[in-house]
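Chain lettering (A, B, C and D) follows the sequence in which the chains are written, and residue indices restart at 1 in each chain.
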Amino acid sequence: MDYQGALEVVAAAVRSQVGQGQVAQYIPALAAVDAGQFGMAVADMNGDVYGVGDWEEPFSVQSISKTFSLALVLARDGEAIWQRVGREPSGNAFNSLVQLEYENGVPRNPFINAGALVVTDRLQTLTDDASTTLLDFLRAESDNPDLAFDPAVALSETEHGDRNAALAHFMASYGNLENPVPTVLQHYFWQCSIRMSCRDLALAGGFLARHGLRADGGRLLSRREAKQVNAVMLTCGTYDAAGNFAYRVGLPGKSGVGGGIVAVIPGRCTLCVWSPGLDERGNSVAGVAALDHFTTLTGWSVF
Amino acid sequence: MDYQGALEVVAAAVRSQVGQGQVAQYIPALAAVDAGQFGMAVADMNGDVYGVGDWEEPFSVQSISKTFSLALVLARDGEAIWQRVGREPSGNAFNSLVQLEYENGVPRNPFINAGALVVTDRLQTLTDDASTTLLDFLRAESDNPDLAFDPAVALSETEHGDRNAALAHFMASYGNLENPVPTVLQHYFWQCSIRMSCRDLALAGGFLARHGLRADGGRLLSRREAKQVNAVMLTCGTYDAAGNFAYRVGLPGKSGVGGGIVAVIPGRCTLCVWSPGLDERGNSVAGVAALDHFTTLTGWSVF
Amino acid sequence: MDYQGALEVVAAAVRSQVGQGQVAQYIPALAAVDAGQFGMAVADMNGDVYGVGDWEEPFSVQSISKTFSLALVLARDGEAIWQRVGREPSGNAFNSLVQLEYENGVPRNPFINAGALVVTDRLQTLTDDASTTLLDFLRAESDNPDLAFDPAVALSETEHGDRNAALAHFMASYGNLENPVPTVLQHYFWQCSIRMSCRDLALAGGFLARHGLRADGGRLLSRREAKQVNAVMLTCGTYDAAGNFAYRVGLPGKSGVGGGIVAVIPGRCTLCVWSPGLDERGNSVAGVAALDHFTTLTGWSVF
Amino acid sequence: MDYQGALEVVAAAVRSQVGQGQVAQYIPALAAVDAGQFGMAVADMNGDVYGVGDWEEPFSVQSISKTFSLALVLARDGEAIWQRVGREPSGNAFNSLVQLEYENGVPRNPFINAGALVVTDRLQTLTDDASTTLLDFLRAESDNPDLAFDPAVALSETEHGDRNAALAHFMASYGNLENPVPTVLQHYFWQCSIRMSCRDLALAGGFLARHGLRADGGRLLSRREAKQVNAVMLTCGTYDAAGNFAYRVGLPGKSGVGGGIVAVIPGRCTLCVWSPGLDERGNSVAGVAALDHFTTLTGWSVF
């Protein structure tokens, strides 16, 4: 079966689950999204992209941005970041301070909020403008110069940002931030606010299927580094449900509370699925179901 | 490069790390093992097996047994076991009671001790003799009728078994054991005491590479179930270092404090490496290094 | 106002709260108690005792026994016990394993279950029969030779004793028990099962008001030790509600899930109140209310 | 023995412990204090005050201020504050976020930092200038119009205030602050910076011995409220060592990392002791020893 055919079978199969779950409520700008949307795209190794449903509709990438900022730091700085953030699953909710206290301000992995703040902090140090650096990269990889921040979301995040401010100050109290807390928070909120479609994200994540090669053939990450990002996605990419995601889907994946999930089949393709209704752990209900169907249908799990 | 060649390159590369780390100290029978040993074996899809070093030397399988007892329960009982044990990484040391208390007696996954006790309890209910059922299965898959329990190890575990007794009584207090605590502990200690070589374990784990098919061609697990066991191994198989193992090695793997590690390349082969010196998280130092070299050399990571 | 008058005023004032809350449910023998009972007694420094309501009705002392076993250990062994158990409030539910794990098997105080098991273990080592030693002491102090264990309660505790068994094995794994787990549990369950009335307990706790002097004028504890037991009662005596008890009642007190509470006004008298309905933290609803009224009425709080 | 005589005996007895422990290091302004100082004062019910050593030397009150801000809130607002802060000992270090997360942003008591921030927040709402209100009150009670903030300390706290900022933002994320985080932090840091001597503090805490009456005879707190503040001091006033303080000293007390401790003997007198060397839990080594000696010498423990 070809990609387009597979996407259509999957979309039909999960139709009844679209609209299930709950749209993210913690900021008004996300709570207003229509839950009945669903899109899915696949980008192959050549950069050809296939899609179904609302696959060209932009949505808020939210935590999916964490994968890209991690890759940009690894590309510039190598493995030094692992002195400041771990790569173990957290066993706690994604914004938990408990773990951070027991481990003295070193977040367990780069995909919990605390860890992503450290990565953004480092990217800010390295580039002097973390969020713009990220946006430029995403525009280039997705070949979409129209990608943009969503100021309403970024400001809404800022207004409701006490939990992230607590995380950032807490790490600062352990000396694990290089930039002022407000600077780090600002870039973090702006990076999360970027709007992209399934098409855009499937293309932008292509370097993870291409073992580190960018869309233009240049190398972003070494083969070893690309493998490492995929490994961290698989063990830590879907909040406190990473074990279940590996169990059901069997692919490296990174979800966001905007309802998107990027998943990678190394050496073959990158997928992005989007549907705003979230399960209790913050992952798209129809999105996880679609990836489950896709890997079952194609047999392309990494396991 | 062929398997035998790869094994010899790897063995040479990690020679300096053999003997590093610390042999498991918690029971005398394990503390007496010579740390300077190293063996590694690969079994391919046809059941042909290749080895290097002390690959035919039996050692105590310890927690590696947890993979097999899980598979035997899934084979008999399907997914019902997941009502009683989770499949998320724990974020805590492998024998932690903390997590168990916060989650009301449901262990996070089947590879922490609490979870393995639940699996053994279920296998006992299903077979009326969990440890013998497991031994018979391992003998058949490894084609080695001489496999046996090590009574000295089992008794030593029993004598130093207060931590596991605490876990078992604690779960019993939540109604999450079907059999009496002493029965469950006994079968658990005996299953951990089984002695096998790298050769035996590479063969016995062949069904995980063969998508669920046993050595005799019969089906133990469905393709989906085999994928699921591999996924749980990858996210939870190496104690509180699963993220790092995925990052370095990029394969599903299950370690034991006897110094062995079984790893799976789905559709290709099963590996077993053994060297008794452990890192601070309980995984074989030279064993992890060897698997890291092997996947780098061959490019056969799942990522 | 005299003691008898104060008791009658208090009993009338709390009448509407008798029967509120919930009788302890965790063992059948306690769940069958009539919730509508209420008794209260005061024993003065001369050993004269006054009472109201069901003050001569025996009930299960449960955790109140912990105060007496602590005193008996201090009397024989001095402050050595504080090497094995702390004296800080726990900040957790009374049977929590979490704290025990973070503090390496040393319970926070002698009144959480883990701490009481350590005290019983020590009393067993010192006397070779901890529960009988305790019973003999209570008979002597209350001048009531008919005091007895309740075998139905002790056996019921044993049958439902997995949580305490977990605590005991867990401490044993840290080397913090001197006797075998089953021995310690047995004496602990029997000591909790002793049946006493408010009259009996007010008399038996007289040494805490008399700065360490027994009913016969002999010295059990030094003045300093008696002060210390009172201090530990005040900070740790009513499970996770000790702060609130100090705030409302302002006296050292020790409660049990049988619905009894012993409280001490140093230099003046010992009180015991009983009513089986418990609040969500395991303290008698009408009992706490009665002590609150009593101290407000008399102005005899320690604060 | 009279107060002056008792103070001199105590001062002699603890001389060898003066200078032990470690001066608070977390801000430079405190780290520079000479550890070899010791002072102690007693104020009786009439407002007569006795002292020994450096009892007229001002020092940074730090957390001792928490007692006074709590009293000022209770005086204006009654028991409403207990909806926003508990009164149970914390069982954790005084600035722990762990407890705060498990209890959804409601601090366990008003003397851990999180709880004190809530109290300051409420005082700010009630008075529109929390720190000045507190300073005015302390000037009046101590009859010392020269009491003042220490700007160097307040600014140093602000510069090293990430941990408290984390606590404040974290509570804000649960909706448990009424004022902006920077406002609350500012008033909190300024209140902690007030400099007072043992003489000043013994007089200022007189209302706690006088069952709520101020120095001028006016009523600040009801008798019941005064009792409640004393109870909370006893169970929560000395960080994670409250149980031990009750055990050794047997008085309600509140310590600060400046090395001061205020203690109350209800109906008799208020004490203040000061010596900058702290034990590992943040309480003055010589200060605790002096109070221990004082209560042993006089027999005036509440137990």
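Following the convention adopted for this analysis, a residue touches a chain if its C-beta (ideal position, glycine included) is under 8 Å from a C-beta of that chain, and two chains touch if they have at least 3 such contacts.
What you see is a predicted model; the values in this text were computed from it and never measured.
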| item | value |
| --- | --- |
| Partner chains shared by chain A and chain B (touch criterion as defined above) | none |
| Interface composition of copies chain B and chain C: same or different, split at half | same |
| Centroid spacing, where centroids are CA-atom means, of chain C and chain D in whole angstrom | 32 |
| Inter-centroid spacing, chain D versus chain B (mean Cα positions, whole Å) | 55 |
| Euclidean distance of C-alpha centroids - chain B vs chain C, Å | 47 |
| Chain A-touching residues of chain B, taken from the complex the two chains share | 86-92, 99, 108-109, 223-224, 226-228, 230-232, 234-236, 240-244, 246-247, 250, 252, 266, 296, 299, 301-303 |
| Touch list for chain B against partner chain C, complex | 96-98, 100-102, 162-163, 165-170, 172-173, 181 |
